[in-house]
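Each chain gets a letter, A, B, C and D, in the order it is written, and its residues are counted from 1.
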């Protein structure tokens, strides 16, 4: 059994990421799938900051199914997001694909992401955990909830308690959505563990029109946040163009989320 | 292509079930999985009516995996729910398992349900549709969205436009939940069709603690309603005891749903 | 638990279908997906008989996803396959979609099929079982092995011991095959039950090139037979054209199966 | 598209592993899940060599779901299998979990395995491919065939043409088997690529009784081989005890496979 990840009381772990307390209220992490150039990064960062995002996401090392797809800007991407992060006072979340990415990321960004493809890459999880940086651990598309919690346990055993879990869709059979978003699984996770649980409706569905209602759903259901893809010009995005929100839609979503908040707080209080 | 079920404009179909207009606002259908006896039916009906449910559900003919499980009260169950329905002025929703159940149900209850196991029992769908009664058509656990819409098309082609679709979970791999609740699929359905779409989080998860947050999620996401299992004494339920809410929890959920409503309306308006 | 379907000893049930003993050796059932006209039925029946098939299949009532697809010739199709069956001395296997099809089928054909979509249409299973005719019960695309065995139990409880189970693919996620052929599940079934277990690689894969190797695989693994689609002119088939073998390929497959037989016998003997 | 992995003619790639030519005939790779100690390794190696295995498998670095499970002997395990490999003249196949394992493995063993959990760990694949050693690339439990072929493409692009693909089960829903063995998918792979394709029925099913019939099935269907777990005393195995064959069962399987061979060759010739 996952001794450290297991919930043993009603107390929830709060993970502090550059002052943003994940596990208290509903946290929004937004930004482009891939960091493409300075202008795109800056425009995205300024836009999501203005709309009220809590943290900034952006991919520098991209795990692409095909070796012929854009593989990310690498270390230069890290420099770009780190600069945008400082300018807009938004902690940055960037995925580490390989142990060799970890030192630079630990120095430059607020939170390291372990992607779905690497959920059971325990060597990488351990290296990342040892930095002490908060980790965002995404559920793999065929992973059970217990497998995700055991993966988190690998990180916790390194002495790093700052682990946030993320549901991003499991493999489904319907071609209308890219994956099958398991909201009930994310809620069940909250019963099994004290760690914060957020959702990634962009990757879960691959379809931008479904992202705003699913973020609202996650907030109403009492989850801890969402990470989503926002791009200044989705049609020109280097990857996952179909699932990114533009800045206007993101801003509108943030307003709708705000409108939900009072009732959500009442809701949470009543539990 | 499903010519009749396909969305061609922003106009949504509203299905009138004994005066309850499914497709306008968020509709709640509640009641026991199986009708067990007069007292249980009456207590359940009175309780869900008092808490503000819109319609009353109850199973008279139960499609049970095992022939050794309780198979329902049959016609007597229909009489019990019909009486409770009249007493509490709540339209009743009952599943038809076989063409021979259809005439009695069409006479006694407000809405006929076609269950997930029968989603592609086209003979049954056609017989039920010909009664003109509103139909609640549940998605099968391995059905794609297109297959569900084609099944609805069989009903629509009989000249009955009153079809409500219901997502109740697809077959998943995680043992923590009975099925995998496909909220994103339900939202995608709303894009593909003008028919109302509701959810059944009781069957989707098989776990009562997950039902209230998923109902709130469905409402916040803009779906048209939920059908859920409520039992006066869940621990004594003849079937699916693990997923039924008791009356107090149901009442609390209805209050939380009410608290969500203003922001939900604002949300819907902003679309 | 499924008391009657459960294996309790090493004795296997043999189901006699017009003299063909399913459960002894490897049985081949072949014919068109849908009966289209007299010439097609006759050509198919003559061809599969000449190649050595044991039984003849053909659909008269077709359960089609779309109401706009060809729905089968109905009762006239039954007459055509019954005549071809007599001419070529091959027992016929035809699917019943509805209780009202059962009396005619029980009179005219050797074996009644309950299709995958109706695996949990218990009303239909019971009506079909009461005829005493052998039943071919197909596994639904989301059904567990236990659910299939419970469905068989409904038939066995009617006093009809002549039930053959069929694996025809479960819902998978890879677009290269129509379903996911669960050969290991079919083998596991043989451990759980004394009933014969055959496979349907045509529906399981939807791809004719994969049918012959999968039939050989099923035979080598020790299963009891295969049902497959054979059409005189696959390119002109009214339904499932992609998965039907032509007569020449079917004949070649039967030769390859024959070549496997000695070693298969040796294999079975060694267990 | 996967340019290098894609089949463009009927010519198949043959991968030479210490003189064993994978892609010609049916290759058997056998040995324990985890290398436990010198005696176990030696007994297993001697046994599988005597029974006619072509290559020896054994895990030194174990990717375990739980951090509390046995994690393998590490480098010492590599030394043990390398010694057994030399003594019995059987090339060894060992999984690399991390880039830092690769140099030792490339020096000591005949073939490097990339496990299912790392199928999209492209950094690891590239490092392993650059050694020039033959690679055994296992399909991930949620990977489509195209995703597997793209992963192979990452290796091929490093200039290493010696890639063997392995189907080891995808995530299924039935608790009777650990995974869902996708034999049809493995056959479809052979149509899509010129690379050899083998199967791992031990991990695919998690149940030793199903391993022999599935190996026979794979051979009859024309696949290129199987990798399976064999342990001198399965009941004492450190991991996956339920799926390992003992030496006697393995030897019996090799005899049954031999009996199948003539007809298999005839079969292949007729294609």
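Basically, a contact is a pair of C-beta atoms (placed from the backbone, for glycine too) under 8 Å apart; a residue touches a chain by one contact, two chains touch by 3 or more.
All of these numbers come straight from a predicted model, not from anything done at the bench.
S.K.: Any chance you could check whether C-D or B-D wins on number of contacting C-beta pairs?
M.R.: C-D
S.K.: State the chain with the largest centre-to-centre distance from chain C, centres being mean CA positions.
M.R.: A
S.K.: Taking all residue numbers at the chain B to chain C contact, is the shared part over half or under half, that is, same or different?
M.R.: Same, since most residue numbers here occur in both copies.
S.K.: Go ahead and note the Å separation of the Cα centroids belonging to chain C and chain D.
M.R.: 34
S.K.: Rounded to the nearest whole Å, what is the centre-to-centre distance of chain B and chain C, using the mean of the C-alpha atoms as each centre?
M.R.: 35
S.K.: Any idea how many Å lie between the Cα centroids of chain B and chain D?
M.R.: Each chain's C-alpha centroid was found; their separation is 48 Å.
S.K.: At which residue positions does chain A touch at least two other chains?
M.R.: Residues 142, 146, 170-173, 175 of chain A each touch two or more of the other chains.
S.K.: For the complex, give me every residue of chain B touching chain C.
M.R.: Going through chain B, the ones touching chain C are 2, 63, 65-67, 97-100, 117-118, 120-123, 140-142, 146-147, 150, 153-154, 157, 170-171.
S.K.: Spell out the residues on chain B that touch chain A in their complex, using ranges where they run on.
M.R.: 142, 144-146, 170, 172-177, 180-185, 187-188, 191-192, 201, 204-205, 207, 209-210, 213-214, 216-222, 252, 255-256, 259-260, 262-263, 266-267, 270
S.K.: Going by the contact rule set out above, which residues of chain C touch chain A in the complex?
M.R.: 171-173, 175
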